[in-house]
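Please read through the structure below; I'll follow up with questions.
Which chain is which? They are A, B, C, D, E, F, G and H, in the order written, and residues in each are numbered from 1.
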Amino acid sequence: MQHDVVIAGFGGQGVMLMGRILAYAGMRQGLQVSWLPSYGPEMRGGTANCTVVLSERPVGSPVVEFPRALLAMNLPSLDKFEPKVKAGGIVIVNSSLISRPCRRDDVRVVQVAANDLAIEVGNPRGANMVALGAYAAVAGVPAWDRVEEVVRETFARKTDLVEKNLAALRRGAEAVATGATASPAVAGA
Amino acid sequence: MSQIVIDPEACKGCGLCVQACPQGVLTQGRDLNSKGYFYAQVTAQMRCIGCRLCCITCPDVAIRMRIHGTFYRYFQY
Amino acid sequence: MARKLMKGNEAIGEAAIRAGCRFYFGYPITPQTEVAEYLARRLPEVGGTFVQAESEVAVPNMLYGAAGTGERVMTSTSSPGMSLMMEGLSYLAGAELPCVIVNVMRAGPGLGGILPSQGDYFQATKGGGHGDYRCPVLAPWSVQEVTDLVQDAFDLADFYRNPVLVLADGLIGQMMEPVEFQEDRRPCKALPDKRAWAARGWKGDRPRAIINSLFLDPEDLERHNRDLKAKYDAMVRDEVRFAEYGTDQDYEVLIVAYGTVARVCKTAQEDLAEAGVRVGLLRPITLFPFPYEAVRRAADKARAVLVVELSTGQMVEDVQMAVMGRRPVHFHGRQGGMLPSPEAVAEQVRAILRDHAAGPSARRRASRRGGAS
Amino acid sequence: MTELVFGRPRSLTRVPMHYCPGCTHGVIHRLIAEVLDELGLQGRAVGVAPVGCAVFAYNYFNIDMYEASHGRAPAVATGAKRTHPELIVFTYQGDGDLASIGTAEIVHCANRGEKVTVVFVNNAVYGMTGGQMAPTTLAGQVTTTSPLGRDVEQAGYPVRMVEMLAALRTPAFLARVSVHSPARIIQAKAILRRAFEYQVKGTCFSMVEFLSTCPTNWGLTPPEACRWLETHMLPYYPLGIFKTPEGPERTPAPLESLPDARGVQAVPAAAAPTGANGETGE
Amino acid sequence: MARKLMKGNEAIGEAAIRAGCRFYFGYPITPQTEVAEYLARRLPEVGGTFVQAESEVAVPNMLYGAAGTGERVMTSTSSPGMSLMMEGLSYLAGAELPCVIVNVMRAGPGLGGILPSQGDYFQATKGGGHGDYRCPVLAPWSVQEVTDLVQDAFDLADFYRNPVLVLADGLIGQMMEPVEFQEDRRPCKALPDKRAWAARGWKGDRPRAIINSLFLDPEDLERHNRDLKAKYDAMVRDEVRFAEYGTDQDYEVLIVAYGTVARVCKTAQEDLAEAGVRVGLLRPITLFPFPYEAVRRAADKARAVLVVELSTGQMVEDVQMAVMGRRPVHFHGRQGGMLPSPEAVAEQVRAILRDHAAGPSARRRASRRGGAS
Amino acid sequence: MTELVFGRPRSLTRVPMHYCPGCTHGVIHRLIAEVLDELGLQGRAVGVAPVGCAVFAYNYFNIDMYEASHGRAPAVATGAKRTHPELIVFTYQGDGDLASIGTAEIVHCANRGEKVTVVFVNNAVYGMTGGQMAPTTLAGQVTTTSPLGRDVEQAGYPVRMVEMLAALRTPAFLARVSVHSPARIIQAKAILRRAFEYQVKGTCFSMVEFLSTCPTNWGLTPPEACRWLETHMLPYYPLGIFKTPEGPERTPAPLESLPDARGVQAVPAAAAPTGANGETGE
Amino acid sequence: MQHDVVIAGFGGQGVMLMGRILAYAGMRQGLQVSWLPSYGPEMRGGTANCTVVLSERPVGSPVVEFPRALLAMNLPSLDKFEPKVKAGGIVIVNSSLISRPCRRDDVRVVQVAANDLAIEVGNPRGANMVALGAYAAVAGVPAWDRVEEVVRETFARKTDLVEKNLAALRRGAEAVATGATASPAVAGA
Amino acid sequence: MSQIVIDPEACKGCGLCVQACPQGVLTQGRDLNSKGYFYAQVTAQMRCIGCRLCCITCPDVAIRMRIHGTFYRYFQY
């Protein structure tokens, strides 16, 4: 089966890096992978996104119009990509910055207060890692160990960052596991 | 009397006006606008001398200045 | 070497270095600027030279100077920059200088946009510059393939003493995929000795090197044109490359597509197969020389042909020339940076089959359907 | 009575500009629009946008506009001005655009003495494509295509376009200004107005080089970028008027003294010169 | 007006003036420099402006500025200069600006030579610049016809808001023949009002004029591409021009040729007729849009088709697309400034007939005979 | 003993040059060849011919040669020199070639400080194409594209390339010489030699502008053309060294005093410096 | 019938003008005409030639590989074009500058000492007119009156030149008529 | 003693050497060479002082100078 995910947010939220980590981890696992940044009109003006495909067969189209998963780090991203997610797919919502509920009822919606949880684990700039952890936990691919391995290598030059980011990553996975993922805004909706 | 108005949606939070104001009238805010910028805010309107340096500096024409009554221009612009 | 996750543009740069290219002359333009940026960093590490030119007009002339000394040289650019190189390219071809030019196409015309396109097919394959010249044109569909083809491009260039173009779309440049560089790669063509003609200072040991495209006497120029033509004919004979998918079994529709678009079509082919619709896919890898024979053969097995391109229809003319009216040729094009989805391609195939079931008049209506129809 | 004394000039549209936060392209846009307003030129001005970060300038200037190909804005301006000399034609060009790919066009536009005005934005880098070396990049400056800093042995010294064009015999108005501080902005506007006035009078070609910031590609905050401009660019790129049609003035003339913020001048509010784009004082 | 003996290049200049063109931007190059020289003298007499540009790179951009104000503008050049205009031409097409560009072709590639050639056919008809654009291409065969076509070119340009190319060979530019200018010539197309879009200063009475080819949003750019395609399709529908000679009677071989070469073929046709060999001649006048239908129809009446060109074979591809394999298409090409003589063309025809008499295998051997074979 | 003291330099082939009678292109060719001979550079020199009357220069210089596209010789030279810095690379370019279509290439070649030598032949006209206006055409000069004389209001003043390039910061050797009289030719050669020497030492970019005649398109006899050059071109195009790598020298340095024909110097014949192309003293 | 002639000589001998006069005269006479200068490699280095076609039907090819007539003003021109003249054609040789005889025996050769005769009529620069007169007289097309008419108009601005050139023209025709055309060099051959 | 030799086939008769010679050694001839040029001729070899100005001036390198015995150079070239 092919796993494809669109990761979207403000420039500066680290969405490109999230995608790269997924792609690297997938490759480690022996999967075929592709990572495609958006470099279109959104380039300026703050939004950014990338598409990652993980597959056992050679990757066909690296562009995915209807992804199986969405990782939305801010509201414009949710607005833009939510309608495109395939039925039965996954939508991870950064509920720290997105106060509206997800409108789809045919996908699995996971609310993660990524920024809040990042602050909680003492890594305020690690919201992307929290969200990534949540996605990896929900999707199951790439394997958790591979993701941790790649995160470790990515920050290898600054050892303190490795632990901080691993903590954020794990906090995201934990949040999924414990179900403590719904943000207040959504709970109230 | 001068009045400074910053349009929160037009502001990109660059901080140049804050630096330009000789009177410390403006501060970089802590609120995000819809584009994700911490926009500048007028926090000490009282001290404003109407010099327009903030307006002149703002790259996004996010600042307007109104006056009430006679206006003393510090310089030709 | 182990597989490495690389951006296509960086892979192009690395491939050039592995092919022995030590001189890059270029000018930034989206979506290929990372080629220049990568080489600006890497070339000095391997004793090479990176020169940022003042413009794409200067670039092919720098290549002319650099290739004329017999070195392996390259540039990369994107569509508007490619247009600026047309005079220079014609000179490079006229003076028979080997070099590699990568065009990571974006949408046009004019400034257009920066998203992927295949609108420069004619320019690359038929000669966008003046005069009767041709360059081999290699069209990769993955990051791995672009690294292979860039290396082959240098060999072909040296073998034929001719500029070689690599025609990629913006996706190839921007995406990351795993790549593997063969450590003991052997040239795909025999590498001729360049000392016989390279301008490296005349010591009297050979005829003077004259790097030139001027032949004022028409008889000389005609001879030169015919020599060039003979070379292009040899390319047509020896260098055709293409890939076929699912053409060993029966199929109803043949899809012809190149570059990233072919990947979309491959996914569509697989989706259709699951639904019981059999489709063949032929992917030209060399656009010049074009695989006319292969396309004709593959088309003969099908009821109809569908060409999918990121343009309003360019390669479709070569496909028509190959098929020569023996099968209907349909076209599906997207433009401006828009991409066909596998779903859309599959739907085109289904529509063609519906029309064919309905008879010839419906067919006529349907030809060149959808897209830029 | 409430009066708007500073707002959006009429010659700017209401479209928000896409520039990065603190990028001084926006300031330069506003100055042009203000000058057009003040000289009453909106109805006969035609601008030529470049390829560069200012590629969308046609969305911002509230006048007839062209979007030119990379570097060729002076040729486009020549074409427009020659057909309709009554138009006030200006180009807006970055340093990659004007000083690299467009070198021939700017030199010959200036040398033919086309009666157009060139706004030249020197931010020492290729902004739009992500921070490559420009001809104006400073010695030692790190960019993506000079990763170890510009090596003047390989890439030469930064080009000073104003000085180079000043060597031409054809009369022209040539100046360099900066927009890294309010005082410099005020001064820049006065000089820009003078440049347009030469065109209005049909006197000569005019060009004003603006030293400008690129916080994004310089990797600095906007205030840091202004300071970097002041400490690094100003010493190499002296401000001043380098040539006027009245005389050769080949050596940089001293800038007129900066406006003195202490000299208070009373003006009734209604006379405020900066127009407002459809806005009223409420 | 009485007939006047004029050099083709001068006639081009005079025709432009009569078409209301008052602005010329150009750069000298053999064999068309007299166009510029003529207009440098004549334009000031009629209140127009001649500007010698710094290069052919600047020229199309000057046209861009000048056409953008709604005036009739033109340039002329020859092959290497044309190549330098490719980026600019793509911008002109992308921004939909009317203008006329005359290419008096010389032999290439590179600096090549200064003698006549038709090596820029592909560049002109398929788009030598990047992106999906097309320009009507008019190919005159006499000095009289070039004056007529130059005037029509301005009308077509205005009607379609598109650059129009006049593709002549060096002979047309250099020879003198009698010409007649119609005093009361009427435009060949309805002339639209340009004030709606021309940049002449915005007084608020219309939307702002924005002369532009940039559409960063791919959906917008795709829409733009499709609008352009619709325009090109309209040209294909409405603007095809060609001339036929002797096709109303029976013939065995159809010759297809354009420009001065067609005159050589006409002489050959007459010589052959005297010898009892019947040949039809079809001369495309518009190269884009190409007269596919007419060629197919005329080819169907013949046993074989012979294409004669001053190149190694470019238009022959369009002829093949028209004929679609229904008749064998032979090619005779000369290059480098060499010209086929009527005798040589007649001999080609005779050889074709001999081969056809001899049967299919000899035919195969003979296809693409002679010339650049 | 018979000795050849003046003959064809080895670095010139024996092919007769196609230039019009009295055209000083021929003189400039010979000077280059003599300098190459004298500096022993024939075996490592590479020349780049332009598009212009000198398009066939590759037939005349007895060394490896390129024929470049119109105006781009400096880019070609850059390409060659960068791959093989040990080569001595020079371009030979006309004024249309260098100062019009090739403006960007010469400016940036000079500004990058490429270690090449540019021989710039200014004959105030496009020779090869039959006498059109060049950027260097004098004010009022009649050409086929300025039939009423160059109108400086429309076409601007003639470009002085040496002065313009001298305004760049990158070190260079820049000079203007003339070949309209024997004394000037002698001086020109000395300066040209110096230009090549800077390249041999790897010091800097060097360019020598030669004022040259075009009797054909000027419509004058060769001797008249030399006088016309002297009376019309010299006042506008001052001779001199405008820049050396040793210092800015932005103002034209006075030319070294002309060789004094009266100062007799005895040299044994065998030491005559001008080589002969395969010719012996018989 | 089609009359075509190649006129060739040194640059400066006025061969282009000769061709133009023929073309103008032909046009006056109601013929279809074309005049084509060589602008090829011979352009520099002193030689020049042009081809004039006069015809009752529209002119087919303006380039003529095998002309019906040659007017050779100097030796290189004779060398180059002599072999190409159609059998039965005309070759006019300027015997003032060409000392070798014509090698063809299947064409009508007319020797005219054009430079000498021009000097004789007091118009030393009028050799081209002498040769033109000879050609017109031999070829018969265009009509003599038309040629005179065009020569008159060509020099109309300088009245003294009109008479001088007409004199040269007529001297050429006369030379043909009187048969006094062989130059000494040829006579001796 | 200096000896000036002009190659008649290389000379284009431009007259520049005639003008350059301070001694009036050379004259523009009245004979045509095969290219149609009236080539320059040495008509007063006796007066030649070996200054080489004619050689230096000739654009077509048509003039060679030989010497017999010691050569007095007037200037460095």
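Here is the rule we use: a residue touches a chain if its C-beta (ideal position, glycine included) is under 8 Å from a C-beta of that chain, and two chains touch if they have at least 3 such contacts.
Everything quoted here is computed from the prediction, not taken from an experiment.
Undergrad: In the chain contact graph, what is the shortest path length, in steps, from chain D to chain H?
TA: The least step count works out to 2.
Undergrad: Centre to centre, using CA atoms, which chain is the farthest one from chain B?
TA: G
Undergrad: Please work out the Cα centroid separation of chain B and chain E, and write it as a whole number of Å.
TA: About 60 Å, centre to centre.
Undergrad: Need the CA-centroid distance for the pair chain B / chain G, whole Å please.
TA: Computed from C-alpha means, the inter-chain centre distance equals 87 Å.
Undergrad: Averaging only over C-alpha atoms, locate the centres of chain A and chain E and give their separation in whole Å.
TA: 56
Undergrad: Determine the centre-to-centre distance between chain E and chain F, using the mean Cα coordinates as centres, and give it in whole Å.
TA: 41
Undergrad: Mark out which residues of chain C touch at least two other chains, giving numbers and ranges.
TA: 30, 51, 54-55, 57, 80, 87, 91, 95, 110-111, 113-115, 212-214, 216-218, 337
Undergrad: Which residues of chain A are in contact with two or more other chains?
TA: 40-41, 45
Undergrad: Where on chain F is chain C touching in the complex?
TA: For chain F paired with chain C, touching residues are 42-46, 48, 55-56, 58, 62-69, 72, 75-84, 86-87, 104-105, 107-108, 112.
Undergrad: Would you mind writing out the residues of chain G in touch with chain E in their complex?
TA: Touching chain E: residues 20, 23-24, 27, 32-37, 39-41, 43, 59-63, 65-66 of chain G.
Undergrad: Under the touch definition given earlier, write down the residues of chain E that touch chain D in their complex.
TA: So the residues of chain E in touch with chain D come to 22-23, 25, 49, 51, 53-55, 57-59, 61-69, 71, 73, 87-88, 91, 95, 199-204, 208-214.
Undergrad: Can you check the complex and tell me which residues of chain F touch chain D?
TA: Those in contact with chain D are residues 100-104, 107-108, 111-113, 135, 152-160, 163-164, 166-170.
Undergrad: Along chain F, where are the residues that touch chain H in the complex?
TA: Within the complex, chain F contacts chain H at residues 1-8, 12, 16-17, 19-27, 30, 181-182, 185-186, 189-190, 215, 221-223, 226, 259-269, 272-274, 279, 281-282.
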